[in-house]
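Note that the chains are named A, B, C and D in the order they appear, and that numbering of residues resets to 1 at the start of each chain.
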Amino acid sequence: MMGWIDQNEFLIGSTLTVFLLAISIQIPLRLGVISFASIGYYAIGGYGTAILMTQYDVSTWTSVVVASMAAAVVATLLGLIISRLNGLYLAMATVSFSLLLSAIAVNGGSVTGGAVGLFGVIGDITIWHTAGIAVVIIFLVSFTERGKLSRRIDATREDSQLASAMGINVTAYRRLSFPISGLIGGLAGALAVNLKTAINPESVNFTLVVLALTIIIIGGQASWIGALAGSLFFVWLPEILVFVGEWEEVVYGTLVVFAAVLVPGGVVGVFNDWRHRRSVARERPKVALLEAAAGESDAELTQSRSGKDG
Amino acid sequence: MYRSKKHRLGVAAVGLSAVLTLAACSSGDSEDTAATAEATEEVVVEESATEDTTQEEAEAAEETCVLPPGDIKVVSIDSMTGPAAFAGILAEKGADLALKEINASGVLGDGVTMSIELLDDATSPDEAAAQFSKAAKDPDVPVIMGGVISSGAVVTSPIAEKEKVAVVYTQAGSPGVVIGDYTFRYTPPMDSYWGGVGSYIEEKGIKTMSVLYANDNPTLIATAETALPALAADLGFEILSSTGLPNSTQDFKAPISKILKEDPDAVAVLMVGAQNATVVSQMRESGWEAPKELLGFAGIENNFADIGEAAKGVTWASIFHVDSPAQSTQAFVDAVAAEYDGEEASNYTAERYDATYLVANSILAACSTDRQAVRDAMADLTNGSITGALGDVTFENQDARVAGFVVQWDGEKMVVLK
Amino acid sequence: METSEATKAPTYDYEPVAEARGVAVHYGGIKAVDGVSLGLRPGNISGILGPNGSGKTTLLGALTRMVQLTRGSVWCQGQNYSQVKSDRVITLGISRTFQTVRLLPERTVWDNIILSTDVVFKRQGDKVEGLVKEAIARTGLEGLEKARPDELSYGMQRRVEIARAIAVQPRLLFLDEPTAGMSRKERTDISALMRSLRSEGLTQLIVEHDVGMMVETCDYLYAMNFGSLIAEGTPPVVVRDAAVQEAYLGKHGRHDA
Amino acid sequence: MVQDLLNATTLASIYVLFALGMSLVWGTIGILNFAHGSIFMFSAFIAYLVVQQIPLGMPAVIAIAMVSGALIAVAMQYLVFQPIMKKAKNPHAGELQLVIGGIGLSAIPISFAQRSTLSNPFGFSAGTFETQAYTIGGVIITNVMIIILIVGLGLGVGTALWIRNSKKGLALRALGVDPEVSAMMGIDRPKLALATMLYSGALAGLAGALLTYYFNSITSESGDTLLLKAFAIIILGGVGSIFGVILGSFILAFAEFAVLLYTNGSWVTAVSFGLLFLILLIRPQGILGKKEVRRT
C-alpha cells in the first residue's frame, strides 16, 4: 500500500489539488453562481506561493497561507464589483477575470517568469499534508450539506426569487461564497505549485476552467462527494483506460456530453435518486398510502367545505 | 502574386518549447553503428565515419563488460498526442530506429536486449509528471528519456534530481530543464548556434532589424530578448522594434504594418513552427521583397514547402540538414529513408536517435543498470564530443552544443550557405 | 374607486392589514402597474381579477417587494416597508405562493415546508417542528412528508406551497393564481382550504382570472386592467360593473380558448 | 494609415462572420454555444479533406464548409441542446448544462482534427483558388480580402435587417424576449431553434472557409481563440442585437490593431477579455442592448 502510494504520489497529489479547485468552483455553483474565477484564484495562490518561496525565501507554509489569503481578498473584491451580474453574464465576467490574470502572468517579466513561468519551487509539503488539508475542507464543507444551511443553499440555487421570498438573504449568501471560493481556490494553487514545483501561464488557462467544470458536472454539483468522484475520475482515467490512448479527448468529450444531457445531477445525483427511491421503497406501507392519503385528504377537504357551505 | 500554400510537416504548437532542427547520427559509439551496419546490411556506415573519440572507451567497455542476460527496460515519456505530437512522433521514430540497430548489433551482450516503454504525456505537463514520478520510483528503470515539452520538463527535472535517476531530454529548450547532475539535454539551445547568422548579417551589411517573436515560447523569448540584442551590440546593428505576440495569433497584418513603417534592412521572424510560414506569406502579401532580408529560425523549413516561392530567400541557422557533409549524418539520413519508406529525416528524429544511443552507451560504459553508475557514465560520455546524426556534438554542463549551419530557402528546399 | 396617484394615506373604515398607496411599476415604457391604491380588510379573502397582463401579478410583486416600485409606497400595520428588502417581507408577517409551483425538486415535502419556517423562527427548533406539523395537518398532507414534489399530483404540490406559506404563521397570505391549471375538483378543494384558513382568521389576497372561483371564494374584489384598478366592491357588485364586463369578462371566453 | 484601416476592417469582417451565428443563437433561442468554434474549425477541416482528394475552386470549397457546418450544428441541436432544454428543471440549470454540453461537444471534433493533422495547420492549397494582390494607390488589397469584406459586412447588415423586418425575424425576436409569450403566439420553438442553429452552423462554415483562405491555413485550435473573442464581441454589442455584433467586431478589431501598432504587442490577447470585463462592469446589457430584453 505504502509502495503504491509512493509510486503514485504525483497522481494522488494531483487528485487532491484538482479536488480543491473543483470545490472552489462548486461552492458558488451550489448557490447558483456560475463562476470561472477559481482559475484566477488558483493562479494567485500558485504564483503567489512560487514568488514568495523562490524570490523572497519565505518559508513554505507562510507562503501558502499568505498566497491563499491574497486569493480570498481578491475574490471578495471581485464579488463586490460584479455583484449586479448574474447567470452567464457573471460567468463571462469571471472568465475574463481569470484570463486577464493569465495575461498578467505572461507579461509579468521576471516576477512571474513570463511564458516560462516559475520553477524550482521545492518546499516541504508532502501529500499527507495536502490530504490533511483536503480532509479539513471536506469536514467544513460537509456542514453546508446538512440541515438548514443546505436547504437554504439549495433554495438560493434552484430559485433565488423563491429563496428571497422565504426570507433567505440571497445576496449575502452569494457574496459570502466569493471569499470562501477564493481561499480554497488559492489553496489549491498553492498546494499544486508545491506538488509540481513549477507554474506557468499555460497551467492556469481556459483548459483548467473546462476541466474543473466538467469534473463537477460528471461528479455532481450538490456535494463534495461529487467533486471528489469527478476528480478521481478525470485524474485517473488516463491511467486506467490506457487503451483509450489517443482518443482520450474524444472519450472525455462524449462523457461530458452524456453527463450534460442525461444526468444533470452527476454521479452523486444519480446515487441520491437511487437512495431516495430505495428509502421510499423500504417504507412500502407508508408509500402505499401515498395515493390513498391524497385521496383521503381530498375527501376530508371536500367534506369540510360542504360543511362550511351548509 | 504567388500561390499561398500551406501544408506543413513539422509544426508548432503551444507548449512545445522550441522547434529546433538538428542533425544526428549514432551517438558516440562507432562500435554500435558499425555493428548495426553489419547486422542489418541496410545501414551504410563507413568505418571511417565512426572512428572517433569514444571508440576506445566503447571498445574497452565491450571487452570487459558482461551484462546479465535479459531485457533492460528504459522508459521514454513523449508527446504522442496533443499539440506537440508532431515532434513526439518524429522523435520516437528516431528512438525506434536506434533501438532496432542496437538490439540487432548484439552490442549489449549475449541475451541482453534493450527495450523502451513509451508513455504518452499527451502534451500535458501533469501527465508527464505523473508518468515520470512513477518511472522514477521504479528501481528497475535505469534511465529515463524525457519529453519534448518544456512545461513538462521543468516539472519532471526536480523529480529526476530527487530520485537520482538520469534523464535525457530532446527539445524542451526552456531554462529550468537542465538543473543538476541527473538532467541531460540533447538539443542545443537556439542562441548557442545562432551566431552563424551573425556573419551573414555582416556580409549583407544589415544595419537595422525589426523582430517579431512568439511571446509564449521560452526559447524564442530568450532569443529575441537576450541573444539578438547581444548580437546587435556585438555586430553594431540596431534593433528598431521587438514585437512579441502569442503564437496563436492569426492575423499579423498590424505588426507587419508597423514593421514596414520602420523600414528595417532585415526582419527576424521568430515564431513557432507553421506560424513562421504564416508570417512570411503575410509579409510577402504586404510587399516585403528582396533585397530586404528575412531571417528565420530553426525548424522553420518544415513549414515552407507549401508556401514555396514566398519563402525564397529566408535565411536562418539550423542544427540539422539532410545535406550535411558529416558522414554520420548521411548514414543516419539513409537509415531513416530505408526504415521509413524513403522519409526525409528530421531534426526531431535525429536528436532522439542520438539520445537513444547515448542511453545505450551509458549502460554499456557503466556495464550496469545501476542508476548512479549509468548517470556517471553518461556524464563521462558527455564530457567529450559525440558524433552522431547531429554531427559533432559537445556538451556544456550536460546540455548539448553544435556548430550548426546557416541555411537559406531557395524556393523549393533549404540549402546550406555555410 | 380609488385611483389616486398620491402617496398620502387614504382613509378606510377599517384598519388595513396591508396597503398599497399609489403604487406604480414601470419597465422602460411599459406601465405594468400605474397608480394603484388599496387596503386589505382584516380577516377577509380579497381578490384581484383582471385579464392576463393587466398587472395583477406585478402588483403582488410590488406588495412583496419582489419588484421595484417606480412610485408610491406599500404599508403593513402602519409601517412603510417600501424600502425593506424582499427577504425581510416574510418577517413582517406577509407570506405568499407563486403563479407556478415553485418547490425544491430534490427535497422532500417536509424540507420544502420547513424552508421558510426555520428562517423566520431562528433557533427555535421545537417550535418550528410544531409549526410545520401543524401546517401539514391543516393542508391535509399527513403521510407525505418524505415524498418529493415530483411524486405528488399537481394539486398536492400546490398544497405543499400553501403549507409552506402558512407554516410561518403569517397575518397575511398572498396567493397568486392558486388554482391555475387545476382540475375542477382540485379547485373546489383549494377554495375550501382558503375558506377554512379564513375561518382561523387569516387575511388573504388572491390574484386570479377565473371569475367563477373568485366570486365563490372572495369577500371583496378588485378588478384591474392596463395596470389600474377599474372597479372594487363585493363580488356581485364588481362582476356587474360595466367597465369590468367590457375589459375583462367580455374577453374572458377568448382567454380561455 | 489607409492600409491599416483596411486591414482592421477586414479583421472586423472576419469577426462579424464568426460571431454572427453565435449571437443569433444566444440572443434568440438562448443557447450560448461553446461548440461554435469547433463547428467553424471542423467545417473548414472537412472542406480541407475533400480538397485533398479533388482540387476544387473557392465556391465549391465554401459550399462544402457551409453544408458541413449546418449539418454539424443541426446534429448538435437535435442530439444535445434540445434534449437539455427539454429536461432543464429551470432556466438557470439549463443554462449551465448547455454550456457544459457545448464544451463537451467542442472537444470531439477538435480531437479528431488534431489526431488527423498531428496538430499541424491545414489549408486549401490543394484547391484551385489563388490569392491575387492588387495595389491601388499604394494600398494593397487581395481578392480574399475583398470577398471577406463583402460577405462579412453584407451578411451582417443583411441578417440584422432581416431580423428587424421580416416575420420570421419577429418570431425570433419574440423567442429572445419571452419564450412563453412566443409559444402563445403560435411559434414552433423547436423548429425555429433548429432553423436558427442551421443558419448559425452554415455561417460558421462560411467563416471557417474564408478565414482559411485569408490566413492560408488554420489549426485545430483556431476556433477556440475566436470563441473567446466572440464572447467579447457579442456582449460588447449587446446580446440579441445583430448590429451590436457588427459594432462589437469593429471595436475589438480596431482596439487590437491599435494595441499592436502602438505597443510591443504583448498585451494583445488581453484586449478582448479586458473589453469584456469592462463592459460587464459598466453596461452589462452592451452598447446596443436593451435592458428589458435581457433574457438571462
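We take it that contacts are C-beta pairs under 8 Å (C-beta built on N, C-alpha and C of every residue); 3 or more make two chains touch, one makes a residue touch a chain.
These numbers come from a predicted model, not from an experiment.
**Student:** Which neighbours do chain B and chain D have in common?
**Tutor:** Neighbours common to chain B and chain D are A.
**Student:** Higher C-beta contact count, A-D or A-B?
**Tutor:** A-D
**Student:** Tell me which chain's centre, taken as the mean of its C-alpha atoms, is farthest from chain D.
**Tutor:** C
**Student:** Give, as an integer number of Å, the spacing between the C-alpha centres of chain D and chain A.
**Tutor:** Each chain's C-alpha centroid was found; their separation is 30 Å.
**Student:** How big is the gap, in whole Å, between where the Cα atoms of chain A centre and where those of chain B centre?
**Tutor:** Chain centroid spacing, chain A to chain B, equals 41 Å.
**Student:** Starting from the mean Cα coordinates of chain B and chain C, work out the distance between those two points in Å.
**Tutor:** 76
**Student:** Go ahead and note the Å separation of the Cα centroids belonging to chain C and chain D.
**Tutor:** Once rounded, the distance between the two centres reads 46 Å.
**Student:** Could you pull out the residues of chain A that touch at least 2 other chains?
**Tutor:** In chain A, 106, 158-159, 246, 248-249 touch at least two other chains.
**Student:** By the touch rule stated above, which residues of chain C touch at least two different other chains?
**Tutor:** Where chain C meets two or more other chains at a single residue, that happens at 105.
**Student:** Listing for chain D: what residues touch at least two other chains?
**Tutor:** 89, 114-115, 266, 269, in rising order.
**Student:** Touching residues of chain A toward chain B in the complex: what are they?
**Tutor:** Listed in rising order, the residues are 6-11, 14, 106, 114-117, 119-120, 122, 196-198, 200-203, 238-239, 245-246, 248-249.
**Student:** Which positions of chain A touch chain C when the two form their complex?
**Tutor:** Residue positions touching the partner: 148, 151-152, 154-155, 158-159, 161-170, 222, 265, 272, 276, 279-280, 283, 286-287, 289-290, 293-294, 296-298, 300-302, 304-305, 308.
**Student:** In the complex, go through chain D and note every residue touching chain B.
**Tutor:** 3-4, 7-8, 10-11, 14, 114-115, 118-123, 125-126, 130-133, 135, 140, 142, 211, 214-219, 221-222, 225, 256-257, 260-261, 264-266, 268-269
**Student:** Could you list, by residue number, the parts of chain A that touch chain D in their complex?
**Tutor:** 29, 32, 34, 81-82, 84-89, 91-93, 95-97, 99-100, 103, 106-107, 157-159, 206, 210, 213-214, 217, 246-250, 252-261, 264
**Student:** Can you name the residues of chain D that touch chain A in the complex?
**Tutor:** 32, 79-80, 83-84, 87-90, 92-93, 95-101, 103-108, 110-112, 114-115, 224, 228, 231-232, 235, 266-267, 269-270, 273-274, 276-277, 280-281, 284, 296
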